[in-house]
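Both of the next two complexes hold chain A, though its partner changes from chain B to chain C.
Moving on, here comes the complex of A and B:
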């Protein structure tokens, strides 16, 4: 018989999140060894810490919906719509000469309110009407994009108060504010999804909505809640983005849509719903960020980075399959 | 059963009704709508969408989805463009190369979905990223212009010149033939082949289809390969219309294709949809877009209208299905 401690140690690394953590360490070490002068510098780490939060928040916004067996294809345009209307309020109040504190408070409120409205629309279409989430959110995303374009006429909204730039560009005690916000989001998402009855219901819906409904859970209410939570996260990502770019435009962040699906799935979330961990998603986001930043530093063509990302997504899924296949056989 | 078939027949009828209604509204507001020139422009501008929708129909019928079609058609246009520039200007060979390239890419999707059992949306997200990445890396985003003359001449050909425009006689653009070919081929496959019946069976109920003896893996692989083939065809047709290749021309095109098929009444839960409905859906999509332009409504409104129409049409479908389901259950209970 083998040493018990070793067996336990190996077993501990059998779960998906632990494997992801090892992959992250591996990738990080690999990049650091290949290019210690450029990758492992304070500057690069800082720049990654400013980029990662937006992507990470989007990925969690995607993950919470996938857990219920749905998908939210409208996250980027929810964020864009919130940013554009919020940005409009910020810009108008600034030109009107209203005090910056009041302007920013009102602006942030509008960001959240608009996102909540988008979330309500998604919730209505998915939970009340009962359209398949993929198509419902495809439709609403087209709708939100149209509203965005109607407001901006294809341009960008700018002229924010200087104080607003603080959100995306300042570090507190060396930690960038976006990173702090991201950590808060992760903790809130963790408690909401994995430690509350609301979260448990969301996972149950992902496993089997009919059984969940017969268990006395209001599926409709929980779905509304999930889409609203997802929308609020989009608003937060929108605040960070518009602050970093000092403007708001409908196309900002649109590349995050597919990446966030990739991150959620890479993080072990079951695309059919019912399983998914916040930690897993965060680890996947970190892995993707390290790989893309690293390859960027090495001067790899950005289109090739796309190819590698796609390859990783498929490979990880194939490996997952082999793993579960083994377990089923054993 | 009789009631259900009646309902199904009604669905295409309903779309046709909406199409006619929308057309009448637009025609009353714009005299330019019902002119032969405008109708031909609409036809030529949406042949590619029509062809690609037919491939997507098969995928949606089984309850799958393919978001890689936009990148696939971009890759096909680049491959065909390079082939025409550097190998041969022969139209038939270009068609062959385009379809082969499309089929190969579709085959990869199909094998990954069937053999690795990864959900279609994830597989096609991955292949989309790979295909568009490779295409843009290869071309660096630059256009291919100056295609061989005989290919350009081919693209300008018309059939049955019956209408006079200035000094010129114009007829149907040659590209319409490809749409007709794709529609008939898809209809034949769905109606008369074992695979086609299997596609409906699989969309209706996977488990039952497997128990009846359909090889679902083989059907899945065929389905995505066929879609690749259709995309290849569409790529060549697109190149012949535009007479140049822009690798970025199809960004986000997959959403339009899916929207058109759904508008045509295909159930996204799988199991229901028809070639006729899809063609009507594409026509409706086309007419709405064209009408908005003709009525001088800012282009920004287009997305809003398409989004609302999409949600409304699926929503209506879902609500209707729920009504019928509850209705039929009631009947069963009463009979029992």
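Moving on, here comes the complex of A and C:
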């Protein structure tokens, strides 16, 4: 009975996202059954809801670029640079005794502006000069890191107004603010990538940039747009992290870089570009979060967790390959 | 359909009841010890100590931390552990400011918060366990130098980084001490940074040897620095003329100690530090505060500052070519 329903469900959707959804349910149920007292508690669900958004936003920032056949290796340092300069503004204005409201507005503006500047640099290097995205963003990532370290000298920027901590640490009606922001980001990303002509062009570039250019699409403009969108998402993740960690430092979130590539690919995004869904990425992020938090709660060694994550990623990639291979044969 | 739903619900209820019975038994005290990162010899040694204390006291010790020294990762892991519900958290913060919000959450959840190895925000911790008194340790380094090179002549200091608060504390204490106690010592130049890298310390030491031909001693502060300096002295064949001392791990420094290019290394025993942390956290959960001069089994006499919060483990351990092989970190 249950099996039939599952088969029908898969048949109805017949896509990677449905499989991911089932995996998510499976993993969640598995963790809940193993330890209902610690995993399936309001407190743990809430703590996961605080942790997931920053990672999820990075994963979407990565996914939108991968869709165009590129990759953005500078996401974490874009976020770090925005946080450090934004954080400096926040800290300086606070010491100068300017009102918190004004300080926070100015600070948030600077976060976004700096990230946009980073996005422009990426866009320029990739779209205007035409360097392979992997090398281009590896270069800009080192550049941004260097600028960060020059500002902080390796230390952390702190001393933000107390009100700024609200963004990362407050729940509205029981839902953490970071989660609300994440939902907004997901909806915006969905409409931009999957329901607008801009998004369609981005996917077209991922399939074949030459044909897209001959179809009268300005590839350059779209690529700039994608890298700018990715950068703004990095700024949002930066705001959440600076608020949650009450400080800004170049190394915060550095562990998210490869994880977000993993989440995008696990979410079904084709690493060669042309395919990738926001919902798939979100599901992948949720799966990784549940596994990571769950295993943490069980006290599994961190290195073993890395091994398990790597194993799952390879398994899903292999499954996807087998599936597409079957389709091609059929 | 209804039937299968009922079955699943029933199965879940039975399962929950069963696990409830398992978990419902007398709960052991659980103490989390979180290093800056796992998988390096220093923190592996403290893991052995912390786990041993757990066995000796009959309590649960969870020793876990991030695989890279990332404060954000520490915060996430701590959040998970707070959800899990533990009794005490002892953390060596990668960044004190970044951990403040999550430590506040831990306190709000009724969890005792301690720091070890590296201080967190002092207002948030119940106890702060230091391996060493910074002043005593700084002075100790200078005493070792004088023992090796005599109290007259030129010397230089190579440090890990100019902004590292603990290293600066040791150096400032040592310099102030030398000014009074060893007035004939002459520091040739300001402390030289080595970016916490042996290769850089080696380069800087070569530069120092070239620039100051009368150099008689080098103090390396931060664990890679003395090794780099010793490497340079060894290469130049100057180990009889220039005395290198400093803070280093015994396993790393053993080859240099054995050929005499590094005269003596000094540090504390991270295993003892892990042990002491667990013992004091457990005492705290029982409502017992540490007192100055208290004798802790397997650790020795500890010092407690007037604030009642800051605990000093004790005097440093020196590693020479004779005893370096006895240590595993």
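Here, the second predicted complex is superposed on the first by the 319 of 330 C-alpha atoms of A that agree within 3 Å, B and C clash if a C-alpha of one lies under 4 Å from a C-alpha of the other, contacts with A are read in each partner's own complex, and residues count from 1 in each chain.
The definition used in the following text is that a residue touches a chain if its C-beta (ideal position, glycine included) is under 8 Å from a C-beta of that chain, and two chains touch if they have at least 3 such contacts.
Fair warning: this is a prediction, and the values are worked out from it, not measured in the lab.
Once chain A of one complex is fitted onto chain A of the other, the partner contacts of A:145 are limited to chain B, with no touch recorded for chain C. By the touch criterion stated above, A:135 is placed in contact with chain B alone, chain C being left untouched.
In the superposition on chain A, A:258 makes contact with chain B only, not with chain C.
In the superposition on chain A, A:318 makes contact with chain B only, not with chain C. By the touch criterion stated above, A:303 is placed in contact with chain B and with chain C alike. In the superposed model, A:272 makes contact with chain B only, not with chain C.
Note: residues 153-154, 301, 303, 306 of chain A belong to the chain B contact set and to the chain C contact set alike, using the contact criterion stated above. Chain contact summary for the complex, chain A toward chain C: residues 1-2, 33, 35-38, 41, 43-44, 47, 50-51, 153-156, 158, 165, 168-169, 241, 244-247, 249, 251-255, 292-293, 296-297, 299, 301-303, 306. Within the complex formed with chain A, the residues of chain C that make contact are 1, 3-4, 12, 15-16, 19-20, 23, 38-39, 62, 64-73, 75-77, 79-85, 95, 97-101, 109, 161-163. On the side of chain B, the complex with chain A involves touching residues 65, 112, 116-119, 121-123, 125-130, 132-134, 136-137, 255, 258-259, 262, 268-269, 298, 300-308, 310-311, 314-315, 318-319, 322.
Interface of chain A with chain B (complex): residues 71, 125, 129-132, 134-136, 138-147, 149-150, 153-154, 258, 261-262, 265, 271-272, 301, 303-311, 313-314, 317-318, 321.
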